[in-house]
Amino acid sequence: MPALLEVDGVSKSFGGVAANVDISFDVAEGEMLGLIGPNGAGKTSLFNAIAGEVTPDAGEIRLNGARISGLGPVACAARGVARTFQVVRSFDSMTVLENVMVGAFAGARRTRAAMTVATDTLEFCGLLSRADRPAISLSPPEKRRLEVARALATGPRLLLLDEMLTGLTPTEAQEGVALVRAVQRRGITIIMVEHVMEVVLPLVSRAVVLNLGRVLTIGAPAEIVRHADVIRAYLGDKYAPAG
Amino acid sequence: MTLDIILQAAIGGLLMGLIYALVAAGLSLIFGLMDVVNFAHGELMMLAMYAAFVLWQVSGLDPLLLLPIVVVVMFGLGMGVYRGLIARALSVRFNRGMVQIFVTFGLAIFIRGAAQFTFGGEFRSITTGVVANRTAEIAGVFLPLPQVAASLVCLAAFAGLLLISRTEFGHALEATREDRDAVALIGIDRDRIFALGWGLGAAAVGIAGVMLATFYYVSPNVGANFAITAYVTVALGGFGSLGGALVAGLLIGEVEALTALVLEPSLKQVGMFVIYLAVVLFRPRGLFGTL
Amino acid sequence: MKRRELLLSAGAVAMAGSAARRAQAADEIVIGAVYPMTGNAAPIGADAKVSLEMTAEIINGSHPPIPTLMGQGGGLPALGGAKIRIVMADHQNDPQKARAEAERLITQDKVPVLIGSYTSATAATISQVAERYEVPYLSMDNSSPSLSARGLKWFFRTSPHDEMFTVAMFEFFRDIGAKTGHPVKTVALIYEDSIFGTDSSNVQRALAQKAGIKVVADIKYRGNSPSLSTEAQRLKAANADVLMPSSYTNDAILMLRAMNEIGYHPRAIMAQAAGFQEQDFIKASGALAEGVLSRSSFAVDAVKARPAIPAVNGAYRAKNGKDLNDNTARQVTGLQVLADAINRAGSAKPDAIRQALVAANVPGEQLIVPWKGVRFDATGQNVAATPVIQQVTNGTYRTVYPFELASLDAMWNVGG
Amino acid sequence: MRNSILRRRRTELVGGAAVLLALAVLPLPIGDVYTQNLIIITILFAGLAQAWNILGGYCGQISLGHALYFGFGAYVSTLLFVRLGIPPAFGMLAGGAVGGLGALLVGWPCFRLSGHYYAIATVVVGEIGWLLFLNWDFIGGATGVYVPFKGDSWVALQFRTAKLPYHYLVLGFAAATWIAAFLIEGSRWGFAWRAVKDDFVAARSLGVRIFPSKMAAAAISGFFTGMGGAIYAQYVGYIDPDSVMAGALSILIPLPAVLGGVGTLWGPLLGAAVLIPVSELSRSYLGGSGRGVDLMIYGALIMVVALARPQGLVSLFGRRRGGPDARAA
């Protein structure tokens, strides 16, 4: 399968602090990739680079072979990259349906078409009952769903989920996982950023582990768990396996 | 356009610049603290000018002696305005930026009407005082004593504000400015800090008002004459930065004085505005702004 | 519909308010006066209210006859002793509000004539409304020449305009120059950037050129500005024989102080009155105002030529605690001329009043102002309004020109 | 459920038509000129507030310098009429075009700023415009421009004493701004601008282009404000920089929208219906005393409404979009 996304030697530092150092990996079409690492490992910086919020100092990010790094968020969105935010950013002066319609307008020209896309997406995300409620009145997990719905409404090829499952109760997490799986079934490539391994590893086919801005290792969840360096990075030297 | 004319205009610009700086310092302090632009700032200055005038008229004392009383009154007034109006404006959940602008604008109109109601529209002036109407001449350059006294007091006020920013209260101010929500965690009563901040801001503009009243007329509309200069000074210096207000105030005082020398004086404010736009367009946060 | 009730109720309030006012006594003539009651020029409006109401009392009241036009009291004889009543309206120095108030006075208070308005911009719209409703507008104290140059049928102005005032200034320069041997060679103009300042300076520039006097400084300054020190600096550099300012009160106060602060004491100041004639200016400037010359349409000290002054000025001083000045005296005179016109017209119909005003020919002796008289030309301008020149002498304005009306010789140290 | 938006927009359209009809009929029974004048000024400022609302309300850019575009419109229309004889019916559109162009020229540099920095920059640009017009002799400078009366005519938008024609002129203007806002609310632009207002980072991530959105909103807002200026000039008959470009006007234009309800269809109209009559009536019936009482009432009203109803008076009439009642969760 041709790589949908190629991250090629990406480095980025903010005023002397090296957030990302020479990171490279590919993501295949339809794959679900995890991007994990302890806090401050450079996950968000890389995530923003892919979403176009940040321009890498070095290296390139290509979508379908075409460079998207440095083009800015709007161009990335236009090329099919959609994202959610770690801290929810809903449009408070609008209803749930209208929030999603803003996303739908990325593809739709006319209001009626956007409304249809938005309504279908809300149904898909299980928020249809909330369609006419003001976005500000949703509960935190519902707001997270709204972000996903809004991003989905743009008809993306690549969906970036920023810590979507953290801080949820077990039932909420389960609903979140069900939604992510449903999105994947629609053939959308997903990159999930999480810092809680147990949540993300069961879901993804592969994971990129970052630590101190560098790629620690890339591999299937099973290998990741046993990888010495990963354990040390997460749990500190005390728990490093013998030998 | 001989040298001493330019020097004289520059001196005039310097003396006025310090007053602009202190007026702006009060505005910058309040903005830096809680993201509120006080559109009634000119009217607070006008109230201080009237307070100085009334106290002078009643007591016959030199306005410089009345300074402490007016400063205390203005401090109380500033806190009162915060508790009565601004606290509520900040707790609003929608259109907070807009509500805050138009609440302070409504306050400005109300104060102007109240001043007209209480004092009438006449132009009043403080005509006596140790420095009143006296001018020192040094090497052909004239230093009007009221303005010189006003500038020195403004500098002292600036030093006072800088000192305060070093104290524990000052750090609390700084912390609140950095992150309004976090401070609550470490036991800083945010509301009290905001009220004290408004008191300080009103006191600063009060000092400028009293000193101004020693050589400038007092009328219900005098606040408006200084309002736009204050906003430009604060935005140019950078909201929330006292040093910025000082530098910007001096710069604007100079530009205004020297433009009036070269261009048609009616356009002197345009010179000041163009400089402001030029700076702000390249450094949106102003010269020293951090917010 | 919610909104419509709101509007209707607002409209109802307006009508209710005015209805109560319109139930005026049968034999009463209401005159609408539009003045700046709030804003920077508020003191002018407050003084106008006193001067107009005082004059109405003189015209209406019973008192020993005062040797001036309509000074016999008892109302308008030709209308069975009808009383005149002044209704003040606030234009806040905004042409649109002046227009709205003028219309309100005409349509709601049914005033047959309008008077006003101190600022020329407001006079522009009030006179247009008067023209459209065919109601006379008598400008008491607007001095901008452009107002009477618009061919308006219903516009009248008893007061001299800036051109006539400025002619008097230059005649004074010529005569005082001859008398003292120190003629005026150079003048400096400094004027506010409003319609008043611009018009006044245009006339001064033209007449200076005609009189062969060099204009060495021509400074248009920002009204209500925080500081005039640089402007004063430029005046000092020019050091003209005579400084000719055109300013409202607050700028007049600031200007004298600014000049004093840089040690500049002009040899002579000839002001286009306005701010310089105000009591606030003299009180605030104190010694700095000594010797300031100003054109004026009123000479409180010309008692010999105008015997009615003590009585009228006394009545005004009793109500307002200060003497009549250039503005208030013109308001008194305007109202006298208007009352006389209504009386001669024998009716309160706007057209009858207009005819009477066109035919007005009041000799100077019947006025409190030192003019030759009141005669309106085709443009409605009183051509017999001859101003005087006054000088501040220990705190009060004394008439110094024309010499025959002067109560003392002018202090003149030009070219000394 | 699906077409809740369509249903709401249909009721708004019907409501709009009803109000338009009511306002068209409103002046007929009223003979008193002062009240007719009051209604005309109220509707004119309702239109201006709606024009400002397009930029300030829907796109969240709090411009405090709209008097500039109002002045451009007034001067362009008047000078075309006085000097070139071009009737204001067309001059009005030219005035609007220049207003829109002005808004773009100002927007280009100022939209890089945000929040209070943008507001202050617009105040400064407004002052510069006013000072330059005050000293620009070609357009009459401080002396202003008289609009000569050439007889009743719809083309020249001049009527001797008749008020009704002016009533329908300003009503047409206000209706045009309302329809523009209505169309914007339902269009792609409307959603994009509201997203920019609420959270431009999120909007950007969904492909909304921030700068072009602000410029488009500014152009439309400037166009209608300029047109309003042209109508004002024909109605008052005299314009000078102080009356059509002063800073006070830049505050008066957005005020009804802010008090009535920003970013809503009915906010600006409702705000104007309350604010303008109060300020006119308080001046007419209390201003004469010269005691400043009318200013106190006006100032107090602004403070009370802004604090009591931050989402605007419009939120009194049922649960308006733009946030539930303040007391809700």
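Every chain is named by a letter (A, B, C and D) in the order it is written, and numbering of its residues begins at 1.
Following the convention adopted for this analysis, a residue touches a chain if its C-beta (ideal position, glycine included) is under 8 Å from a C-beta of that chain, and two chains touch if they have at least 3 such contacts.
All of these numbers come straight from a predicted model, not from anything done at the bench.
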Farthest chain relative to subunit D (centres taken as mean CA coordinates): A
More contacts between chains, A-D or C-D: C-D
Intercentroid distance (Cα basis), subunit D paired with subunit C, Å: 37
Subunit A-subunit D separation of Cα centroids, rounded to whole Å: 43
Distance from the mean Cα position of subunit D to that of subunit B, given in whole angstrom: 32
Approximate Å spacing (C-alpha centroids) for the pair subunit A, subunit B: 49
In subunit D, residues with contacts to at least two other chains: 131, 134-135, 290, 292, 294-295, 322-323
Sequence positions of subunit B contacting 2 or more other chains: 94, 113, 116, 120-121, 220, 264, 266-267, 269
Subunit C: positions in contact with at least two other chains: 38, 42, 45-46, 193, 220, 222
Footprint of subunit D on subunit C - complex, ascending: 1-4, 6-8, 10-11, 13-15, 17-18, 37-38, 42, 45-46, 49, 87-90, 92-97, 99-101, 103-104, 106-108, 121, 124-125, 128, 131-133, 144, 146, 150, 193-195, 197-199, 220, 222
Residue ranges of subunit D in contact with subunit C within the complex: 18-19, 22-23, 26, 30, 32-35, 37-39, 41-42, 131, 134-135, 141-144, 146, 149, 160-161, 232, 236-240, 242-243, 269-270, 273-274, 277, 280-281, 283-285, 287-290, 292, 294-295, 317
Of subunit B, residues touching subunit D in the complex: 31, 35, 37, 85, 88-89, 92-99, 101-103, 105-117, 120-121, 220, 228, 231-232, 234-235, 239, 264, 266-267, 269-270, 273-274, 276-277, 280-281, 284-286
Interfacial residue positions of subunit C with respect to subunit B in the complex: 38-43, 45-46, 193, 219-222, 224-227, 229-231, 233-234, 237, 249-250, 253-254, 257, 260-263, 278, 280-281, 283-284, 286-288
Residues of subunit B defined as touching subunit C within the complex: 1-2, 5, 8-9, 12-13, 16, 20, 113, 116, 120-125, 127, 133, 135, 137, 142, 144, 146-147, 215-217, 219-222, 224-226, 229, 256-258, 260-261, 264-269
